[in-house]
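The following pair of complexes shares a single chain, chain A, combined with chain B in the former and chain C in the latter.
Entry: the complex of A and B
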């Protein structure tokens, strides 16, 4: 029989703090309330992940590393990963450069402006990804609006190749993921007290100095959060490269579907997903070394 | 309470088994969309009327994974599938497909040997053809062969090919001067070498049939390989597009029966009816695909004008290469597919 320990006066931090009966009851209640959510996560996320990992080690005769060996023998694997990370990097950087001023203006403005600016970010966000991908196709194709406008203005003689390549893919992916950059940035900027800038200015700092040494560092959690979100989401993108990539933009997600078609084995596709998942974990780990995880997710 | 429940269950089951035993029925699976609707009217309904076998339909754009799963469970629910021939061949090799019972299939037995094998029979034909924009190329100036497609000096313009080696490798070899009769086994190295020549001039490697037609209709490319049915669909809508059957790659889907199919005997009977020349001749009335059974052209139901538009009619078939599903499902064919992605990407 384990007897409940006596309550010890709480003073020396949460690690050594012993729970009172009330606190125990509360924890049990929280656990009970969490159970449905945990069950859903367990059944729909954890179990499939375990199954996927297990499949990736299955060859025709039981345990096998054959699906992982293709990473070394099939040159497509490496070039797909490189291309995917290159696009993810470009999209993240561009989203940051475009998103930061938008979030800044939204955070600084007053009255009806913040909802209008954020609304303009969010309305496309609510539109189907497929529709937006096709819209980009119409805009960017050889006889599309962009090319005909440039030609009518006499800026170009022959249509530019704007779509069915990596550029078109990057453009549409950037457009689709921009809200994931703007919203965390806006949230982080809203928490920066305006008095700090006033104080900086009163100490003689000019606008740029105040921004660089006060505002920018304080908005960094938003920068990291937005960048991680955009980067990780781009790594798994499928629709935009498939529709706008012209066949030569061959990202990791497409490698997964090709392997299903080609080898007819879940393991061949699972191994890629496992590697991608591990890479994403590594990125999160690195990011959380810069900024604690809770702040990336915006809970603190 | 419990007794009542089991009595009800028992009655329901008896009823269910009763109806299943009385009515002859099979489950027929095709690829869905306009194509399945067309064949419902052209083939499935008449064949059902002829045999008295009711047809329950299902559709699956890619039947292969489902097929595997059903066989693995040991209790397949599908009977007959209309699927790329490759699936029937490799399925047959892996014990997932029943051999066709030719003793109850006189129409199938009478077909040319190259259009059937132990497990499957050619059901409908389509062709991967050279299609082009009539805005880019006037009368008599259009590319008419794969050699023309490869000739970027004489035929300038943007180009597209399918993002898949099947039919694309055949086109490359024809461009390089390989005669249709010497096509198989494919010289894969030679085909890829020829493709390297045209690669810088390919704007798009398309992935879906709809995309190939859209590229041409929107003027995104001036010429492309495309499936004949897709091209004629946009031509009917008035797009400035045309195509030639010359050097087309004739392909077909096949019918085959799942191993341990629930209605095996009826499935065989139904295939015979669906493959009979009279019923096969209905196909072109509803869609721009050719009948799998060439004897359909001798029934008189297909007009000479209509025949001229179809991929495997007596006048068009000799211009083309018959795709070898057997080669594509061989280890060499699979290796060529494995090689494709790295070719396109680099």
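Entry: the complex of A and C
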């Protein structure tokens, strides 16, 4: 929904002109090639979504709005949504601030350096999320390495509360999702011709002007792609907040799982998922109205 | 951009420039003086060091040793954005996310010129390259030739002391390239700026330049006017690189006489001493011997091996009696067809002593 919209050739109705046998054969071939993908999307995505939507309107006695009424009556729902979006926003922003310089250095370096830098970004990615969540727990707990180091250095008197709260959740989520920011950024930066910066400098632009007015705008497609990925993935993150939140973070994903595991309330879980989906859609619709993606991408 | 006075005219002095990449000498002791207002081309095959030399002038490559002066200013170690040199890049390097106007005014923005002055300057620059009214277009909507002009306007708008052009026409098709060559030449006359033009196209260099610097293996081989370079090449490399020259091995008899396959030929130019000498034969210097041939001309008997019709002319390949192959052209007009030889026919070619140029293998 953030991709540049290209004019889609309107499918000609049967009335406008008759297809030649070659065109018919081509269309049949395209349809045949798309069938497996359409089938997968239909069975695994569209159908469950419809089923989920239907289920969210089912009360004990048939059709009911009771699951949605809970959003207005139960304050846990609202606070959970607010916390989830707050964490997603902070994680996305932090990933961008940390990921941009990494991707920049990787895109600018030569020889063996790009694979080394990207490798360092990717290696943790191949480790299980569960393992990394526990690793953060060990690092950040009351008597963990970070706290003891800070205490030994005399920087703090009492251990900081680094985990079992929103900070720990944010930290670990950021660590796990950082590659999703770095890789699209790197791909976008690699597409920027080096001669554009050379040209900018030759025309009198100092390093900051060249970066701000040439490099940064041309890397925005990567910024947008990476931010969308990280934001959306954080919204649905489950294991990490569950392990590192210590009950103080109660994200939407956990709300869904509680409804099913504890109360076996599939209708309530479905309604939460539907609302989350709609809110995400609304955010991106709003973003695409506010940010001129097409101009940024240079397609206009 | 006033044609009557050129306050920005400035010469370039390159002294003993060396650029080494590891053990590879990209530039090997290059010294070159470019006069204020001159159009100088740097011509050479790929890998000859011309791009390195351009990088040195633009400030993107740091010399291992040597110095570069722009007028009286030493710019050897000056960063690119302070040099005040306009550069037109091979692929134009236009900023794709900016409009034509934003591209062209970028140098004004970089120099913090008052915004009130921009519109007038932009208009003048657009008019100069005949793109008035294009300021709000996007780069993607321009043709190759128009992009070329935008790049040119962008490099000129801040009235740089020196303009560098790196094969700016190589991406255009032949017809447009030839039009642009003449336009660039006109523009140079109008602006009066010093222009250094890098190309590997000898015809382009001959068409546009006041002087041409020929490079090979990181060294300057010869720096001369197009005509001198073409008619009096310094060595076999220059001779083979410029024009349609055939190089025939010859021996020196004395300062004015050489022998080609045992046959003595006269030259109006001093023949260099030494071995490994070559006679430079340009196809346009050869004629079929006839009543109008000058009496002092060297005569070269041979046999026509083939003729190729090429539209405006017919190229005739002749095997000389000594076994060397040469070619000449006859115009495809009435008088040309009158004397057109056939394949297998014995002919005598004439080469005037003024056009009989002997060059050494290397300078």
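FYI, the second predicted complex is superposed on the first by the 257 of 300 C-alpha atoms of A that agree within 3 Å, B and C clash if a C-alpha of one lies under 4 Å from a C-alpha of the other, contacts with A are read in each partner's own complex, and residues count from 1 in each chain.
The criterion applied here is as follows: contacts are C-beta pairs under 8 Å (C-beta built on N, C-alpha and C of every residue); 3 or more make two chains touch, one makes a residue touch a chain.
Note that the structure is predicted; figures quoted are calculated from it, not measured.
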| item | value |
| --- | --- |
| Partner chain in contact with A:202 - chain B first, chain C second, else both or neither | second |
| First (chain B), second (chain C), both or neither touched by A:193 | second |
| First, second, both or neither for A:143, with chain B first and chain C second | first |
| Partner chain in contact with A:161 - chain B first, chain C second, else both or neither | first |
| First, second, both or neither for A:92, with chain B first and chain C second | neither |
| Partner chain(s) touched by A:219 [first = chain B, second = chain C, both, neither] | neither |
| Contacts of A:270 with chain B and chain C, given as first, second, both or neither | neither |
| Common ground on chain A, meaning residues reached by chain C in one complex and by chain B in the other | none |
| Contacting residues of chain A [partner chain C, same complex] | 193, 195-196, 198-206, 209, 213-214, 217-218, 295-296, 298-300 |
| For the chain B and chain A complex, residues of the former touching the latter | 62, 64-65, 68, 158, 163, 203-207, 218-220, 334, 337-338, 341-342, 344-346 |
| Contact set on chain A toward chain B in their complex | 74-76, 79-80, 83, 141-143, 161, 164, 242, 246-248, 250, 255, 258, 260-262, 264 |
| Chain A-facing residues of chain C, complex | 58-60, 79-87, 89, 91, 93-97, 106-107, 109-111, 138-140, 154-155, 158 |
